[in-house]
């Protein structure tokens, strides 16, 4: 599971793996930096600054006193700060929900594997099989949540199919009806370059898959919760959880999973109100576009690199905010949901590896 | 339920649907932008700036040194920041409560449909009917809360009537006494244009309906909670929830619904203290009105567009704050409560679609 | 209960009713604005600015370079921001506690009226009477908390006497010993004008009543909680709450009321540390007093209105912070505790109006 | 308990009593102000500014352009803001924990006195005595926590000895071994003046007492919790708390007390990371020391008072932050822990004053 | 356990002990200051500033108007503020989790030692031994969590081996397979000096140990939780916790430990998104590098110390943020996890020192 090689594809997409360590000083690191998204805007700003400067120096003075810059600088700064804070808040909240999910999965796993007593009179091999099935259901929840947060509503994804293929879900029916739907189409080079550069015209609607179909897609994580609910009901009815508090733990963490699901959907579907997003984009754009008029007076030719430097800083902060606002996607700075899903599976393996002995054996 | 066409009416009112995707760059998007509300203030600011500039250039110098601008700029910036932060906090809090409501509805739905055992000795068809009724009550709570948060106290709204028309509530009696009360009167064109442009004189009191009547209007969501309370009491008494923790879950999420109701009312009825709202409006207004005197010296004729640009940025941030402070209304940037209600209904359908089998069938 | 007329008295005191709607643009609204409190400071600042300007223009130059203004402007701005944020936080926290109180009252009311079974073998009329008494105790808690938060420690207030007059409390004994203590003395005109203008010398100690007496005043809300505790104990002992979770709900919300009481007292008794309050007042005062020396150079006579305008903005933000820091008082911007108490009474009436039927009647 | 006289000793030490009311305007109040701590730094800054100014005006120009001031002013402002926010956060958190402690004490007191039934077959006078002992244990916890937070690890303090003198604790043994340890040594006048002026060389290590001894000092609040735990175990075993929820309440609030203890220790032992504290001190110091060079150009002799005024504002905000960072000490602006302990004792008296009757007597 | 001597090694590494008290004024303190990490960057900035200044004064003017400084200063300031706030938040969150861990350990210790009844019919000496073993398991959890947070995945550390050496864990097997793995290799002098100076090329990947091995390393704290879970299950099954609430307390605090583990891992593995870290480093670097061009005009030779002073302040704030972002390491400003582990062990000793008597002995 530890993948440390850094190939080209990884470099530009997918959440960055926290385990990678770079020996370069931070100011020189490229992987994860927002620089690629800035190429187009900086080309525009640079061209504009050059035009203004050349015209001023050669043709006709477009110089304007810089009083406005000072006045608006403060509002621009606070807008960027607002943009960063609210985007980062979403990122942190998304992460906190996945932390809760890891916790709930571990606790539920411990409930199924350690707290729960084996049903009486059942073949031990069957019991073992059922326990493993139950553990898989827990993993399936996190994997299906990952897909749901990426607007992938089907069931036949390689990391999901073997976990829930046997369950009777809306997603399965929709997948069976159109088996090609989960095969990812190769994007043409223009489109993917455009997306990589952040050109809005090249970006498809991320909810495309949800809209294309007329079949009911259901809500896969919610349906898995229903299965887990039945499982816990049965365990309680069968007296497999003899201490009442064990039942409480089971139900509480089922609900915590539900909470995680609803919370992640909230983070996903509630960006900063669009009026703010538009206004802040406009403010920073206007500010940078007005820069060369006011810089060309005091700085002359240096106004061109100065505008680009200022644009780099200002657009940089703006674009990072827009990227991490939805922390569940495939951007380099997004949360590594795959790694979290792997960790849940790994931790459940550790819990299940535990040979349930009497405490007398380890209480010396 | 997926409505993606974008007609004119949608464009200017109603919360914007998050599922819509625009290919325009953010700085050029209009839908959801605050621009329309800025038309009137910017006309005023532009006229004022033109007057000051023309008088200064042609008649008598009104130039003033710009020292004051720098001094006050910082306070204006922090005031706008305070305005944005507190308004956005309300927006986010409102959203969080609706997230809790979705969660509580799903959990309560699961309790009614999956955890609960069927009452013994009852006709299965009657049981099914009662279960569907119970699920409808959950949906009714969210729909009635939506109407309550929009100051619509009656019961005969198309999305509510079929869910709670048979319940004996104050709202029903008030509706029966005056059946025309839920028909929305067509506003005349002047009034609706005025409202659209944010002219305060054209804005009616949103609580108009609550004040016009002398009948007791009750508190519809609270009354629905009472019905749900009785239902849960009966289920507990009938041993339909054999595991104590199932009862706990039911009561807890009933209380969570109550919490959501009170919390949303708090967000609705507790805007920023009016003294701040007034002071911040005055500060920004004074600041923009003083701009031309100080800009006309260094910028001359350019003072006019400069004042308008500064006004666009400053008033923009101010007005967005005032719009999203109450996130439950019909503004373009408000929370899409209809969509949340639809989602609750949809999720309950998914839970109810589940054929309650023994876990042995899916634990391979 | 809906009081919409706006007489003179209301205009200047008492928390403002959220239900009132003004058609004036925000910048022209007076009700709730901090302007009256600014009259005295602005007169001082204006006189000072006039003196400095007249002396400079006619007698001897007091001009000072404005470099200091820029340096300190930032610290002043951040201090005002700190003042606003911490004051508003108290306001919001106070509101949140009263939201919790509304919630706890509704839930406890529902427990008493709907969840609780009638005691066996008791005359139904007596049962009804006792239930109404129990509901009144819930209302009494919020009313007594309101009085406690306003330093009114007695029991004979018109809105409280009929609810708890029959209980044996310290407050009752103290009231009986000095029956005139709850009659509000008419303040003389100088004092009340002074208070209205915010002159510190005219402001009495709000805790005056607590200090004047030597009798034990007890802690009325805490004593009401003891009564409620006994009530719930009895209901549990009598098997009136047959589902354990119903008992849990009752005890939990009793404790939530206790939490609200302690939390509100905390908000009331823990203003911003006095060192900050003093320092921020001094900073803003020094800043405004230094303004005319630095403005008279560039602005000449305009320095006088400029100082007043800057003082309006700076003192305005400072004074709003000081006003809402204690959100439980009688200031125009304080929380409308009367309305919350009325709402609790009203909501309990709605719950009690509910005729407790079998769910079969509304589950179609 | 109400102590309103204001003698000299009170004026300069000990947390300020919130009940005191001053009629002076805030800008003239001294009690609680940070001014005394500023005397030494302002003398240094003033001397330095005078030297720079005199040399510049009489000997050799040390004038420097003020461009740096503007650049660094912003960072200084944000550092002070960070210092204030993080210090105030600790203050508020400390207060919140003491609010929780008051709440837990009241609830536990109510559990012992009202919810708990008397043990069967015990002499009522003995029962009463035991109940009073139990109430005293609750008070003892808060008093011992107060001493622990002030690094006073012994048991023979006047307000503690009568409550826990009979318990068998480490603190008691350590006290018995060295009975003089709790007598406070009179500090000499130089040291106490130095401390009052905030001279770091005169400040002793607050943890001195903890380090001087070699005996085990234990953890007095934790030991009192163990006693309370046994008490609650016995009450549960004896069926004195017949409703399960009453036991839950008791255990929960015992744990809440533990939470308060650990939380307060956290606030006490986790100041802002020392690197920040040092860096912010250095930044403000450098900034103020650089002021006269840059002010002497534009302001000439006025640079001296200007530096002092700026120093007053900047150092003032810095020092308040350092004072309230540990809110549990004896500084004027610290939390009045004595008053909270008194309030707990007082509230428990009120609960215990309650004559436990049948609810029929007050349910009319 | 109290270690107050301050040797050279301590001075430069390891979290600083809060108990140490320095009599130096804050601005002169070195221990804990970020100064060492600033040597390299300030040398670079100083050299650069010297070069620019010398060239400008002697060869060719590189003067640039300082308009850009003012424009970008604000964005730099807000970026540093964002960097500090988010880093400090992690620090505070890490500390809060360790506070929770202390609390959970104390409560679980009290449950095992005080609440739990001795198993019937067991040899008291064996019981005592088992109880001590159980207490050791609690300590082991915190110690193993400390090692896990420092990427030390084995079991043979001196402070851990004696506590869990007898347990059958993945870590133990991995340690047995390669016994030398826990011996710390002496770093060569260049590498350690480089690390001390914060040179990125000299910093090893902190996750090195995790990557080097191919054996399964398990998740030691999670495995200890499994052991504790079995222990609590047995105590519940044996009726050693006769009050249901005691079982609840035990399970809840087991889960709280799980929460702490997951939460600390979250803090550790979720730094600020790398795009922000890179962007903020670049912004501050660009800003400082541009300083000399703009300062050399107004300040001439003074531009060199001025650049260094500004660099000290700006880089200082930046580097502190980067240091405390991961608060669990060995930096001077990190959280003293060793001390917390010691405190847990110490507090459990105090609880276990308690001779469990009947309450009659201390209820006078």
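By letter and in written order, the chains are A, B, C, D and E; residue numbering begins at 1 in each of them.
Assume a residue touches a chain if its C-beta (ideal position, glycine included) is under 8 Å from a C-beta of that chain, and two chains touch if they have at least 3 such contacts.
Quick caveat, the model's predicted, so the values are computed rather than measured.
Engineer: Degrees of rotation, nearest 5, to put the Cα trace of chain A on chain D?
Structural biologist: Superposing the C-alpha atoms of chain A on chain D needs a rotation of 145 degrees.
Engineer: Using mean C-alpha positions as chain centres, tell me how far chain B is from chain D in Å, no decimals.
Structural biologist: About 43 Å separates the centre of chain B from that of chain D.
Engineer: How big is the gap, in whole Å, between where the Cα atoms of chain A centre and where those of chain B centre?
Structural biologist: Inter-chain centre distance comes to 26 Å.
Engineer: List, in ascending order, every residue of chain C touching at least 2 other chains.
Structural biologist: As it turns out, chain C has residues touching two or more other chains at 70, 74, 77-78, 81, 244, 248.
Engineer: Circling the ring from chain A via chain B, which chains come up in turn?
Structural biologist: Here the ring order, chain A leading and chain B following, is A, B, C, D, E.
Engineer: Spell out the part of chain B that touches chain A in their complex, as residue ranges.
Structural biologist: It comes out as residues 2, 4, 16, 18-19, 21, 23-27, 29, 31-34, 66, 69-70, 73-74, 76-78, 80-81, 84-85, 88, 91-92, 95-96, 99-100, 102-103, 106-107, 110, 114-115, 242-246, 248-249, 291, 294-295, 298-299, 302, 306, 309-310, 313-314, 316-317, 320, 323-324, 332-333, 335, 346-347, 350-351, 353-360, 362-364.
Engineer: Considering the complex alone, what residue numbers of chain D touch chain E?
Structural biologist: Residues 64-65, 67-68, 70-72, 74-75, 77-79, 81-82, 86, 129-130, 133-134, 166-168, 170, 200-201, 203-207, 210-211, 218-219, 222-223, 225-227, 229-231, 233-234, 236-237, 244, 247-248, 250-251, 255, 258-259, 262-263, 265-266, 269-279, 281-283, 285-286, 290 of chain D touch chain E in their complex.
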